[in-house]
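Same chain, two partners: chain A is paired with chain B first, then with chain C.
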Partner chain A sequence: MILDLITLALIICIFSFLFKDNPFFKFTERLLVGVSAGYGFLIIIRDGFLAKFVDPLRTGDLSVIIPGLLGLMFVFTLFRRTAFLAKYPLAFLLGTGAGMEIGPRIETSIIKQISAMGSHVSGPVEIINRTVLFISALSSLYYFLFAVRKNTKFDRFFAGTGIVFMMIAFGATFGYTVMSRISLLIDIIDSVVLRFF
Partner chain B sequence: MLIIVLIGGILMIAQYFLNIPFLNSLYKKILDWSIVISIFALVIAIRSLLARQFKAIRERTEHIVLPLTTIVSFSAVVIIGLIWGVGEGGFVDTVYKKFLVPMQAAIFSLLAFYIASASYRAFRAKNFSSIVLLAAASIVIIGRIPLGDALADMTTVTLKSGPFALIDFPRWAEWILNVPNVGIKRAFAFGITIGIVFTSLKVIFGIERGYLK
Partner chain C sequence: MKIKRQYIYAVLFISVVIPLATGLTFKVRPGPPVKKFYSAVNGLNEGDYAAVTLSYDPSTKAELNPMVIALCGHLFSRDVKIIMMNPLNNSIGNLGYELITRAASLYGKKENDDYYFLGYVPGEKSALQNMGEDFYSVYSKTFMKAELKDLPLYRDIKTIADAKMLIDISDGNSTVDLLTYVNTKYGVPMAAGTTAIMAGEYYTYLNSGQLLGMLGGLRGAAEYETMLGVNGKGRRGMAAQTFAHILVLLLVLAGNIEYFSGRRK
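Moving on, here comes the complex of A and B:
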C-alpha cells in the first residue's frame, strides 16, 4: 500500500510536466535515471559478466580472457595518453558487428520479403491485396530512386503513387502510435490512480 | 586496427554464407565475447553518468538535490542488488515492478498529450497528401476504439453471402495496416538494408574510418 502510494505520488509528479517543467518532475526524472541505470547495471552484471565471463572462467574456458583484456582497454579512454588503446576493442566490435549484420540483413529484409510477396495467393481479394502491396512497395522505391531522372508523365505518376502510399502508411503508423500511447495512459490511470478512488 | 576490422568482418561474413563448423563455433564465441567487451563499455558509461553528477554538485550548475538523487538512487539499487541479489520477489524485483514499469509507462503516456497537440497542427487538410494522411490516421484511430465496432454493428446489413457492415472502420484499419502499410515498410526495409550492407562493407574494407578519429 505504501509503495503504491509512492508510485502514485511519482506519477502525479511526472504528469505535472503537462503544466510546465517544475522541480517535482525534475526530481522524479533524476530518480528514474538513477534507478534505471542501477537496475540495468545489475542485470548486465548478472546476465553478462557472471554468465559470459566468470562462469566460463570457472569451468576452465580461458578464451574469455581475450574479450576481458579487450574490454579492459576501454578503461584507457579515461587517460589522454593511452586513450588510443580503446580503439582496439572498438575495432573488434565494429568489424565483427558489421560482418554479422550483412548476411542476416540480406536474408530477412530482402530475400524473405521478396519471396513473401511472390508466395502463392488464393481468391480475388488476396490477389487485389497482393497487387496493392506490390505496387505500394515498388512505387515508393521508385520515388526514392534518385539516380533516374523522372521526366515522363508515367514517371511522375508512379512516383506520385508512391507518395500517396507513403502518406497512408505514415498516417496508419501515426494513428497506431497515438492509440498505443493512449492505451498506456488508460492503463496507468486504471491500474495505479483509480486504485485509490 | 584496420586489420582487426577486416579479418573480423570477413570471418563473420564467411561464417554466414559458408557452412564451416569452425566458423560457426567462432561466431557463437564472438557473440559472447562482444557481450563481455560491451560490459566494460557500460562501466565507462556509468562512470561518465556519475562524473557528470559530481561535476554538477561541484560547479553548482543546478540544485544539489537533483544530481544527489541520481547518485543516491543508483548507488542504493546497486548496493542492495549486489548484497541481496536480483531474484524474483526481492527488493530489486519490487523496484522494477512497482517503480520502473509504471514510471516508464507514465513517461511514454505523457507523449499522448503532446501527440494530440502535434496532430492538431499536423492534421490540417492543406493538400491532397495531407488529406490522405489524415484519412488513414483517422481510420486507424477509429478502427481501434469501441466507436468503430459500434458503427460497424449499427450499419450491418444482411446479404445473401452473410452479414456485411457498410461502415466497418476496424476492417478498414486492419486492411490499411496489413496491406499498403506492409508494402511501404518492405520498401523502407530494402532501402535501410542496402544502406546498412554498404556501410558495413565500407567499415570492413577501411573506406569508412570515422571511428578512428
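Moving on, here comes the complex of A and C:
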C-alpha cells in the first residue's frame, strides 16, 4: 500500500509537467535518472565485474586477466595525460565488433531480404504486394540519389513516388507511436490511478 | 482558434478513464502476424525448450508485459520448457523474474525444472555469439544463483541451437541482433513481440519469413489474448485505446481544417 501511494505520488509529480514545469517534476525526473543509473551500475558490478572477472580469478582461471586489464584501461579516459591508453581496448572492441557484425548483418538485412522478394509467391495478391514493395523500395532509394538525378520529368515522377511511399510509412509510424504512448497512459490509469479512485 | 494543451490532455485522460472504469470491451479480431505467432508457438511439443529473451526497459512494460504473461501461459499450457533471459538489457531482470514466477504458479510449474530464468549477462552481441558455441560459457548460474551444471537444463541444452524456438520481446533493435546472431547463424526459428513503434520496422522480417510471427504493441497482445481465450490487460485496454485514437483523429482533422481555412483567408 505504501509503495502504491509512492508510485501514485510520483506519477502525479511527472504529470504535473503537463500543466507547467515545476519543482515536483524536476525532483521526480532527477530521482528517475539517479535510480536508473544506480541500478544499472550495480547490475554491471554484480553480473559483469564480479561474475566475469573476480569469481573466475578466485577459482584460478587466469584467462580473464588480459581481457580484464584491457577493460580496466578504460579508466585512463578519466585523466587527460593517460587518456590515449584507453584507445587500445577501444581498438579491440571496434575490430572484433566490425568482424562479428559485417558478414551476418549483411546476410540478415540485405541478402535474405532480397532473396525473399522472389520466393514464397503464392497467388496474384502476393504478386501485386511484391511489385508495390519493389517499386516503393526502388523509388524511395532513388529519391536520395541526389547526384544521379537530373531533374527530368521521369526523375521528378519517380522521386515523387518515393516521397509518397515514405509519407505513407511515416503516417503508419505516427499511428503506431500514438498507440504506444496511449498504451503507457492506459497502463498507468488501469494499474495505479483506478486502484485509488 | 487556439485550444490550450491542458484541455486536450484533460479530454484525453477522460477518454481513457471512462472505458477502463466502466469495464467496456470491444471485440478484437486477430490479424495475420498474430495468427502466425500463435501457430508457431503451438507447433512446439511437450518437453521442447523455448528461449524467451526480454529486451525492454520497465518504461515499456505497459505494452510488453501483457505479451510476456500471455506467452508464458501459452508455453506452460503446452508443457514447453522456458529458458527466459535478458542478455541485451540489464534493467528488466527483477521484473522478468516476477512475471515468469507469477505465470508458473498459475500452471503449477517448478523453477529450474519447467522454467529457468537466467537474467542479464554482459557482452551483448558477443554473448549471443558465444551462446551458439557453448551456452555455459555465457551463463553459468541462474538469476537466483543456482549452478546450471546441477540442473536438467545442462543435460538437454548445449548451445542456443538446441532450443526449438527463440522469442524476443523487445522495445528496440534487439530482434534484428538476435536474427543476425542466432537465427541466421545457428538457424534457430524466431518470433517476436515488440512495441507498436518498432512493429513497422519488423514487418520486413515477417514478410521475408525470417520471423515466424509477430505481436505488435498492445493491440498485438490483445489479439494474442483473444486467440488464447484469456481476458488480460491487452484486451482490457483496447476500448480505451480506441476512444483515444478517435480523439486523436478528430484533433488531427480539426487541426487540418483550421490550417487550410486559415490559408484561404
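Everything that follows uses one rule, which is that the second predicted complex is superposed on the first by the 183 of 197 C-alpha atoms of A that agree within 3 Å, B and C clash if a C-alpha of one lies under 4 Å from a C-alpha of the other, contacts with A are read in each partner's own complex, and residues count from 1 in each chain.
Convention: contacts are C-beta pairs under 8 Å (C-beta built on N, C-alpha and C of every residue); 3 or more make two chains touch, one makes a residue touch a chain.
Remember, predicted model here, so these are calculated numbers, not experimental data.
Look at A:101: by the touch rule set out above, it reaches both chain B and chain C. Chain A is touched at more residues by one of its partners, and among chain B and chain C that partner is B. Shared-chain residue A:3: touches chain B; no touch with chain C. Once the two complexes are laid over each other on the shared chain, residue contacts for A:48 go to chain B and to chain C alike. Of the two partner chains, chain B is the only one that A:89 touches; chain C does not reach it. Legend: residue contacts after superposition of the two complexes on their common chain; A:190 is shown touching chain C, with no touch to chain B. Contacts of A:19 after superposition on the shared chain: chain C is touched, whereas chain B is not. On chain A, the surface touched by chain B in one complex and the surface touched by chain C in the other have residues 18, 36, 39-40, 43-44, 48, 52, 96-97, 100-101, 104-105, 109, 113, 133, 169, 172-173, 176-179, 182, 184-185, 187-188 in common.
Of all residues in chain B, those touching chain A in their complex are 1-2, 4-13, 16-17, 27, 29-44, 46-47, 49, 63, 65-67, 69-78, 81-82, 86, 92, 94-96, 98-100, 102-113, 115-116, 119, 128-130, 132-141, 144-145, 173, 175-193, 196-197, 199-201, 203-204, 211-212.
Chain contact summary for the complex, chain A toward chain B: residues 3-4, 6-7, 10-11, 14-15, 17-18, 23, 26-28, 30-46, 48-49, 52-53, 56, 63-64, 66-68, 70-75, 77-78, 87-106, 109-110, 113, 117, 129, 132-138, 140-141, 144, 163-179, 181-182, 184-185, 187-188, 191-192. Residues of chain C that touch chain A in their complex: 5-6, 9, 12-13, 16-17, 20-21, 59-63, 90-91, 93, 119-122, 125-126, 129, 141, 176, 179-181, 183-185, 195-197, 199-200, 204, 207-210, 216-219, 233, 236-237, 240-241, 244-245, 248. Of all the residues in chain A, the ones that touch chain C in their complex are 18-19, 36, 39-40, 43-44, 47-48, 51-52, 96-97, 100-101, 104-105, 107-109, 112-113, 116, 119-120, 133, 169, 172-173, 176-180, 182-190, 193-194.
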